[in-house]
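What follows is a set of structures to go through.
Across the two complexes that follow, chain A remains constant while its partner is chain B and subsequently chain C.
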Partner chain A sequence: MTARRPALRIAANLLFALGLPAVAVVLWGVWSARSDNRFLAGPLAVLDAFRRTWIGPAFVDDVLPSLLRLALGIAGSIVLGVAAGIAIGSLRRLRETLGPLLEFFRAIPPPVLIPVAMLLLGITGTMKVVVIMSGAIWPILLNTIDGVRATDSVMLETADSYRIPRWERLRFVVLPAAAPRIMTGVRQALSVALILMVISEMFASSSGLGYRIAYFQRNYLIAEMWSGILLLGLIGILLAVLFGLVERRVLRWYQGMKEITRA
Partner chain B sequence: MPDGSPLLRVEHLRKVYASATGDVEAVADLSFTMDHGELVCIVGPSGCGKTTLLKCLAGLLRPTSGVVEMDGSPVTGPSPAMAVVFQEYGRSLYPWLTVRGNVELPLRHQKLSRAVRDRTVSDALEAVGLPHAARSHPWQLSGGMQQRVAIARAIAYRPEVLIMDEPFAAVDAQTRADLEDLVRELHLTRGISTVFVTHDIDESVYLGRRVLVLSHAPTRVREDLVIDLPPERDQLTTRALPRFTELRTRVYEQIQRAKRGPAEAGPAISVG
Partner chain C sequence: MRKVLLGATGLLGFLVVWHLIPATGLVDPQYLPYPTDVAARLLQEFRDLAFWRRLRLTMTAWALGLALATLAAVVLGTAVGLVPFLRRATHTTVEFLRPVPSVALIPLAVLMFGLQLRAALVIVVYAAFWQVFVQVIYGVADVDTVARDTARSFGLTRRERLRYLVLPTALPYLMTGVRLAAAVALILAVTAEMVIGNPGLGRSIELSRSAGDAVGLYGLVVVTGLLGLLVNLVFRLVERRSLAWHQSVRSEELP
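Right, the complex of A and B next:
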């Protein structure tokens, strides 16, 4: 393959990636300019509000605490979800015992846990992290269980025949074998975590992105409200980019193998 | 080490799988012994319980009754004195590890110095002709090369017995011939005792110093045949020897009889 073709492809991809958003922004501008609805703000007004609202002390007071809770919630979900998933996935007894219970908890929409968590933990940062984890853990947990269960029997027999000790077996066989599924779970968990971060702050808080957006809405600061939504979108994109980088590193073998089977 | 006692002794081995629809007797009553430094091929009709036998030898399955003894002590689980090469190299090598990582993994828990471990891995890769592929991943290699990696992993483990389960069933004929010669070479130069399970009659005669022909399931040893071909073998001349043809005919007939029914027992044809 020549060097020019990937460069061209990247340019084309970029055009596709940015073209539609650009068109959408223009349409948004035209629409808001022609509309009498005072709850619609134009792109320029929102951009201006964005600069005024978020660049400055609000970043430290509201955005950073939100991001910290989000990061803690995601990290906690990954650690707990993977650890429990490996235990449940490798022990049939545990799986059979916990199966119905897991189905039940997974079926509960996590936002309804917010009032409960408020009563139990108070209106604290811990409560919000717990709420984020209570929703984000499920896709990771369930995917890890499936990934561990789907580990190739010959791979496990090979590990047995070479008497690979428990810890190395986990580190070098079970965990990497389940990694593609785990990453799928983490990807789903990221969006759940972002949603729960905002909702938990809207319910009960005196800081945070969700709190700010609700505050702006109640006080008819329409452009500011929209700018908060814009910021949430940007955080979502940032998460996806970070995830993509990690995934590329962790699953390099998996992508390479898929490419070869396809060729 | 060689002191006259057998390396491997299998006596009245029986394996019954319990299932919801009734018990299945995979191995009925199997006995044989194997000495140090032997290369024994086990051949039998498909579905005759070869894999079950092999897993019992390797300690991966508990026999229902009977004994598997290694150097006089019973095999109750996977032993450091055995290494298994599976048929499905694609499922036995770990795709997230490099070739070197795969060969090294079973050595990690052995108390070896870093230098010795490195040397053992390099030496094993050298022995199978893959020193240049150490940093590749298994899926970047051809099937034959992947099976070489699996063989390198097995010999780096320095087992007393190498157990191979139809290792070349999934590669093309030319690669297969090369791999057969590799097994013979490793056996001759390193004196590794080898149990080689196959369904290929020619392969069993070409490789083995002894061929055990198994019956249809429930499995017994139908014949224990000494392969009196010269130890120096090569694909062209050995396979053209009249004695080779006689031996393969003999094995073939035994397997045909085995397929027809378990009722018939014992050798009925004299060779010579």
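Right, the complex of A and C next:
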């Protein structure tokens, strides 16, 4: 009996986790088979198109460069955003001077910057990385500023009175205090970065994931287009999972602390 | 006062730097026009009725999309948040659909609806929906257990529980979700116009780019920034107003 119960529970969890997606896929299949909407491709056709389209040379030619630009853009905006955020957050005068300006730049819808970047940098790979950075940096920058400002002042004063050097104070007091906010910013930045990767390629490119999907659509390659949407979805989910892992690692101490206060 | 002065200095400094970059020949004015030219163009646009018509089209897509997304998210989010069975059953599906970037749906929307408002609405609603939906689920599930048990022992009906228990608990979450969704909806309303080509500010941006009209392009970028600023300000205000009774807002007013 005791051996069966965990097995039952696992089965129930599995059923809950996979039940609705399974039902959805079946409904999708039935619907696409019966409907005469020619823009609807069935799950089997999409899966087949996925295998034909993305597994093979297209992965190296279109998907990898896109992912590389995405990674560069995200890494760049984290480095720049956190560095600038720490500087702006710890210098009150600088913060007040730049405040309204930053509010304005954050409010610009990031895809609007693509034409500007095309004008200034031409249609290049650098342009796309710059576009991704110019959109993804704001949530990181502003959250870092808030995080740095929220550093416990008693801790800062303690560090001061022990004459802890500036660098160590940054490393052991300010950065950990700002880390939860920084991670919040990074999570917001990830979805912005993905959007900008796709849009910049739909706009100005002859390769890349966004370009491919737009190409399939223009040529009425319906199943291929759906497979591209599926691939983008998978990338989005992969990013979310990766972020979850990194966040758990970086904020381990913080989660533990929260659990203690809650108990 | 000090803050306002410093902020104005920052803005002025930015404009000066912007002016100096083409003036010193660092970047050709053809690609980065002088701020004075951009400002002049903006004033000219503001007197043009066509500009206001395009602005209205963009804001219509934004408002309709935000309203539809909020409505759907509140109804579905309340149902899913209140019924544990639904929460468990939808969890993986939600986690799977939420990270899908809304722009991935652009080709599909174009095929289904053509270069129209409806195609743009699909994108706006999809992106804005998740922001509100997730917050509503959290909010509805956050009802204090003691309060819930008390309500039950006093025999409050389901309707009363929704009105006096669930709504006040979920409202701060809902307002946060709507504020985030408003910003996201604006981004995607403009993006959809740029990529799909349904008329509005986004399409004008794309048109001035392909026509090589840098002054007009920068002017429109400034306009979208101001719109974003306005949306943020209004929704922050609405959030504070509607939550004036709530702890998180009240405590801010103490000295």
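Convention: the second predicted complex is superposed on the first by the 246 of 263 C-alpha atoms of A that agree within 3 Å, B and C clash if a C-alpha of one lies under 4 Å from a C-alpha of the other, contacts with A are read in each partner's own complex, and residues count from 1 in each chain.
In the analysis below, a contact is a pair of C-beta atoms (placed from the backbone, for glycine too) under 8 Å apart; a residue touches a chain by one contact, two chains touch by 3 or more.
This one's a predicted model, so the numbers in the text were calculated from it and none came from an experiment.
When the two complexes are overlaid on their common chain A, residue A:A45 makes contact with neither chain B nor chain C. Contacts of A:R163 after superposition on the shared chain: chain B is touched, whereas chain C is not. By the document's definition of touching, neither partner reaches A:L80: not chain B, not chain C. Looking at the shared chain after the overlay, A:L68 reaches neither chain B nor chain C. More chain A residues lie in contact with C than with the other chain of the pair chain B and chain C. When both complexes are aligned on chain A by C-alpha atoms, no chain A residue touches chain B in the first and chain C in the second.
Residues 2-3, 6-11, 13-14, 27, 31-32, 88-93, 95-108, 110-112, 183, 186-187, 190-191, 194-195, 202, 205-206, 208-209, 214, 217-218, 220-221, 224-229, 231-232 of chain C are the ones that touch chain A when the two sit in their complex. By the touch criterion stated above, chain B contacts chain A in their complex at residues 58-60, 78-80, 82-84, 86, 88, 91-92, 94-97, 105-106, 108-109, 137, 139-140, 153, 157.
The part of chain A that touches chain B in the complex is made up of residues 152, 154-155, 157-158, 160-165, 168, 172-173, 176-177, 179, 253-254, 256-257, 260.
Residues of chain A touching chain C in their complex: 16-21, 24, 39, 93, 96-101, 103-116, 118-120, 191, 194-195, 198-199, 202-203, 210, 213-214, 216-217, 220, 222, 225-226, 228-229, 232-233, 236-237, 239-240.
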